[in-house]
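Worksheet for the structure shown next.
Per-chain residue numbering starts at 1, and chain names A, B, C, D and E are given in the order in which the chains are listed.
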Amino acid sequence: PASQPTTTGPIKIGFMGNLSAPFSLSAKAAAMLAVEEINNAGGILGRKVELIVEDTKGEIPKCVEIYKKLVITDRVHAVIIAEKVEMGVAGMEIGAELFPEYPHIFFSTIGSGDDIWHHVRDNYKKYRFGFQTYYSTSTNYLKIVAGINSDIYKNLVKTDKVAIIYEDMEWTKPLRKGLPNVSPPLAGVYKERGLQVVNETTLSLDQKMFSPVFEAAAKAGAGVIDCAIGYIDQAAFVKQWATSSARNIPLMIWGGLAGMPAAWKATEGKVNGVMVGSSMIRVPITKKTIPFMDNLVNKYKIGPIFGSHTTYDTIFGFKKAIEKAGGTANIDKLISALENVEEEAVLGKIGWDKKYHFNLPYPKYVTPIVQWQKGEMKVIYPLEYKMADYASPADLRK
Amino acid sequence: MLKISNLSVAYGVIPVLHDINLEVKQGELVALLGSNGAGKTTLLNTISGLIRAKEGSIFFLGEEITRQMPDRIVNLGISQIPEGRKIFPYLTVKENLLMGASISRAWPQREEMLNHVYELFPILKERANQRASLMSGGEQQMLVIARGLMAKPKLLMIDEPSLGLSPLIMSKIYDVIKTFPEQGVTVLLSEQNAHMALEIADRGYVLQDGHIVLTGDREFLLKSELVKQAYMGM
Amino acid sequence: MVNFELRRDRILVRFRDKKTEWVIEPRYWRNPTIAITFLFLLPLFVQTWPNILTMITTANLYAAIAIPLALQMLGTARVNFGPQLYLGLGGYTAALLNLHGGWTPGETLFAVVVVCAVVAILISPTTWIAKGLYFSLITLILPLTFLDITYIWGDIFRGEVGLTGMSPLLTLPKVTWNYLAYYYLSLLLMLLYLLICDRIVRSRIGVNLAAINENEDVARMMGVNVDRYKVFYYVFPSVLTGIVGWFIVHTFRTFAGVTYLPLEFMIKILIIVLVGGRAFLYGAIPGAYLVSIVEDSLRTLGPVNYFVFPLVLIVLIIFLPRGEGLWGLYRKRRPRDYFPKLHVRRE
Amino acid sequence: MSEILLKILIFTVIWGSIYLLISLGFSLICGVLRIFHLGYGVTFVLAAYGLWALMEDAKLGLGLSILLMIVVQIAFALIVFYKGVFERYLEEEEVLLTLTVLISLAVAHLANYLYPVTAGVSIPTTIIDDVVSIGYITISWQMILAALVGIVVTAIYCLWFLHTRIGLIIRALSQGLTAAMLMGVNVRRMYYLAMVLSILPPTICMLMIAPFWSVDPFMGAPLLMTAMLISILGGLGNLKGSIVASYLVGFIHAAVSFIFVSRFMGLAALIVTLIVMIWRRGGIFAGETLW
Amino acid sequence: MLEVRNVTKRFGGLTAVNEVSFTVNEGEVIGLIGPNGAGKTTLINLICGVYKPDSGAIVFEGKDITGLPPNKICHAGISRTYQIPKPFEAMTALASVLVSVLNGKKRSHMSLPDAVMEASYYLEFVGLFSKRDTLARDLNLYELRMLELARALATTPKLLLLDETMAGLNPKEADAALDMIWSAQEQFAVTILWIEHVMKIIMKATKRVVVLHYGKKMAEGPPEEIIRDPRVIEAYLGVRYAQNL
């Protein structure tokens, strides 16, 4: 097409995020870091990389507006949306409209759930330019995360009674209802693995009072509370857990605030004993992990949060793919290069599924499970990165 | 007691009062007569500080009050009973009365004053715990007058007490007002109904289009052609 | 050499000893056709920046929500916090029917009109049942309830993700043409709304609207069937708002309640009305443009723009002509115009 | 069965009192100044972040920080809200509503800019960091304390309004401005007082609930919504109504979450409010007056 | 033409109107007097449909109009003025009257220009034509009362209820207003129910007077008789007034 992005000159990457939200800010810093490192090492195939940062303000109309600017006016080679899933989806829709005339690649590096790769699955031809880099697809959750969790419950916590708490959002729907022909719901998966689900509840997003939920879990005699939550008010959730009947039943939180270093301060230490999937722990999963974390803090005064690893790794994956495709001239060559790329990343290896374009899950891409122990996050799983043994909340509080 | 000299007042650019000179002596009952829109309410509001004067001065007991805030003026001893029965609708009758005594000077004597106004207007005692808005127009007018008394004012300015009252209640209220000077309360009474007002007043001023056109004692005014024609409809 | 001199009513241009002057005749520059022509020609200037085109398309849509809202607030004599309800209803109706029923945009438009009208008629009794501010507060609660429902019935409404992949209104051979067409469509939509609402305000029932806005009890005593007019003034603008939802669905092709249903969105519309001025119907347009342009240009400041933007708006609201906003700058008040004022009624 | 009833009872009382504490100041402003203070949420944000800034950045002790924070609060309420907005735009309510919203947005975003979530802002548990068991349930002392404080503060306010001279004056002021001025009321001073009185409950509230609530820059909006919901339900600006409505909302939340699912507690309260407003057009106490 | 039958209205514990009955005949001017709080305004509000009576019935031209909404009652041919004028403050005098012209009749199919003509006529009648473009909030009390009258007449009523139209007017203005009302009665053939405290006007204007006291009907008859009725003197007029006669 006439509007092919430039095949010489700098390689342009557009970055979009809600720059009042810490995760977008951190992802922005990570993207800047990646670009800086690539440029310092001579760029991609000798071409400089240029990052264009735009603020969506978290509004769909603005997101649509900026996407068009990046692709049509700036002629970027790739757009990264590091924001909530509805933004990613809106971007993908606009991208599909533009793609035939303005070929480009689209990466969603934060939004959780299946929506991005479902688009690719359902209409490959139309959406093949879209790639999702976030460790959160429901298949991943049901097949892998659920397995890890049941392993932890049985072998570390040593219980077989689980209470499950979901938040009422789209990303937990497959967990609550299961995926037809792929997997039963989360409760079913746990049952298959020999656990007993004693209680299940769903929380609303704006809820602030959680005592009834914990009362119910304690009453049901749960040995562990499995919390598929990431967006609800986790500070209040954890604080109220620590003063409820369920305070001696360990929490396993899938992601969110509890996995950030700030959680200890934000909850006055009430997070003690909580287990959480967190990528913000200083554990050398690859040789890139620690330098990445240090550089981010030193250069941009911001710690890694969700989405910063994935954004950073995405850019390196993109670099590798361009090198493999020998340039940016042929978009289909680039897409197939991306489908086949595998590059060392901060959290293991980055690469995308050939058909569906989600990034390859554990054990390729690792999210360590940590437990808060007296002010520090300690990895308790996977065992090869283990920093401490699991301890019960009651023991930790002593 | 109250001395107003060369007072001019305007609402924005529209002049309403021109060069007013007026005096009220201790223990008098002075009537302020004038038709609708003559500026009576404006004058009273200026004295009590709700409206700012443009020129001139107002002295009360030797102290200049021309540009004081209303609360200060009330504290000095001037109370105004507004036209149109501005009660506090959701307070009880008793609370309305207590509000009259809410300035710190009058607060300690509120119980005495309550008994006093209950004597003057027994209906208020009967209805003491009723919501004020449920009283009829006439009862509300009594309430407002009683409330004005509660502050133990030295000068009481009453604005059109007869507006919309039945003849009986009107004369009842006038009977009460008549006794105020004896109780040590000087009265400045603004009224359209010259006949009624002059029946009880010692002196009077006639206000027309913002000017004082006539002044004198009761007999003089009652005989004056101007008053007869314009304000008593004779 | 060349010397410009700005006088109160004219610009003087001096060149050496020659002098020409250009009279700024209010009659001309106040003429709305100039403004409309300008809006129609605007794409010529911004063609190469599709984002600006999108931005003003969005501004047109915001104005198209604000104009019926003004009519609604005057006719029901109440501040209304909830036109987003109909934006959401229209959007979801169009999107669901298009996705699951395969209805074309034309058909979904019809459905949107019917659904919004029916729901508005069902809710309209509140316009006379609820007193004063309470009506405003009901309108505040309804969209929030709807938002909750979009999460609870996630199977249908798809919660925070929203619905995607609706068919486009137009498929021109080039996307940029498409965007240009969307701009003109949104402009036409906005101008159409302006025309309709203006017509209504100037008609016989417009006189009643003024009376209801002033004092509905007295209006009733003068024989105005207040209840019936309130239903009309509630339902009709609601349908207009619903159509904007439909338009959004078929142009952005994604629709999520979280974007449009919360109070934040409504506040933006209210600000537009306020900056635009009290002569709501016309003020909404410059208001929408100004707010959008200010917001967009502030983004260059980086993350501080988040708290600078409200501050700038505060300054704008304080320093624009009191109560008449931008429209007040544009046009001096003429005595015979009925300038409605929003009363926040407590009784 | 009795177990559930007991739970519902206990949480009705506790949550109701907490909601009361949240909404008290809002009702007060609504009742006295007769305006809808959409910037009410700012008080909570300022309380939390002001305290944090003074403690962590200025390294002052807890007590001193609280005192200073209250001073800042009062200054902000009087200068920005009262002087800047209410006094100038009392008659133009649409301007007033929008300006208050914009101010609260600006403050929230500023707080977010200075102290994003990653700063881990929190307010320490001030009194007892322990739990207590009543029957089958365990509650933190802090929650009970917050509830008690809610009851006590409300009681003090109500008694004060009903039985003191100033209380009477403020109630009268809410009904007739000119008349009150003619009674010798210093209106401005009373409005100042009302503003101060209205920011104390939310400030105390923030200190009390922070240990089991979250502290984030945008918490003002949901707290304002809670306060508004309760005010609407009870009758705008009516303290009696607020008290009844708080416990009603507390009861709805407790009943729904213990009998049904906690996911629906917010929605249930919204729907009950809608129904009440259609049934009684002015809220439970059809609030036209402060009391 | 109007028949009020045993109408009662209570506000909480207070019975504002208590078992009142009377009739108004076509073409007459009837006075309604009584002490403050007697329930006169409440009675008018009951007739106009602002309140619904707790018991009793109101019949207008043979039709029961009890509990109809105000706009229906207006269409039936009853119109009123307010004790305290309630203008449409931000609307011009002409527009205010226009509202009545357009809505006062059942299903009028008048075009806007015709309606403006008619509204101008009513304004001219009350002498406000020169103020047609003045906002109502800028009018003085006399003009407001006249505007109220024009507004009421423009709905083409058969029965006009006047609530203390003279209150606050000086004698000159009151005379002018009285003339106006008389000529209105002639020109538009309206029947008038008139509340007034100024006895002089009641005496001049009416042939029959109904006296209310504490919500009850106390007396009814020609004004000359009423002012000599000892009960009325005691309850309402006062001894002094009687002496001055």
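Here, a contact is a pair of C-beta atoms (placed from the backbone, for glycine too) under 8 Å apart; a residue touches a chain by one contact, two chains touch by 3 or more.
Only a predicted model underlies this, so the values are computations on that prediction, with no experimental measurement involved.
Q: Among all the other chains, which ones are in touch with both chain B and chain E?
A: none
Q: Touching both chain A and chain B, which chains are there?
A: In this structure, the chains that contact chain B and also chain A are D.
Q: Compared with chain B, which chain's mean CA position is the farthest off?
A: A
Q: Which chain pair shares more contacting C-beta pairs: C-D, or B-D?
A: Answer by contact count: C-D.
Q: Tell me which chain's centre, taken as the mean of its C-alpha atoms, is farthest from chain E.
A: A
Q: Could you grab the centroid distance between chain B and chain D? Build each centroid from C-alpha atoms only and quote it in angstrom.
A: Centres of chain B and chain D (C-alpha means) sit 43 Å apart.
Q: Go ahead and note the Å separation of the Cα centroids belonging to chain A and chain D.
A: The computed centroid separation for chain A versus chain D comes out at 37 Å.
Q: Roughly how far is chain A from chain E, centre to centre by C-alpha average, rounded to an integer in Å?
A: 75
Q: Using the touch definition from the top, which residues of chain A touch two or more other chains?
A: Residues 20, 25, 168, 204 of chain A touch two or more partner chains.
Q: By residue number and range, which residues of chain C touch two or more other chains?
A: 148, 152, 303, 306
Q: For chain B, what residues touch not just one other chain but two or more?
A: Chain B, residues with two or more chain partners: not present.
Q: Write out all the pairs of touching chains, ordered by chain label.
A: The set of touching chain pairs is A-C, A-D, B-D, B-E, C-D, C-E.
Q: In the complex, go through chain E and note every residue touching chain C.
A: That would be residues 48, 50, 69-71, 74-75, 79-80, 82, 86, 88-92, 95-96, 98-100, 102-105, 112, 115, 133, 135, 151, 155 of chain E.
Q: Can you check the complex and tell me which residues of chain C touch chain D?
A: Listed in rising order, the residues are 79, 126, 129-134, 137-138, 140-142, 144-145, 148, 152, 263, 267, 270-271, 273-274, 303-304, 306-307, 310-311, 313-314, 317-318, 322-323, 342-344, 346.
Q: Could you list, by residue number, the parts of chain B that touch chain D in their complex?
A: Checking each residue of chain B against chain D gives 48, 50, 69-71, 73-75, 79-80, 82, 86-91, 95-96, 98-100, 102-103, 107, 147, 151.
Q: Would you tell me which residues of chain D are touching chain C in their complex?
A: Chain D residues touching chain C: 34, 36, 92-95, 97-99, 101-103, 105-107, 109-110, 112-113, 221, 225, 228-229, 232, 236, 263-264, 266-267, 270-271, 273-274, 277-278, 281-283, 288.
Q: Over in the complex, which chain C residues touch chain E? Could you list them?
A: Those in contact with chain E are residues 203-204, 207-208, 210-211, 214-215, 217-227, 335-336, 338-341.
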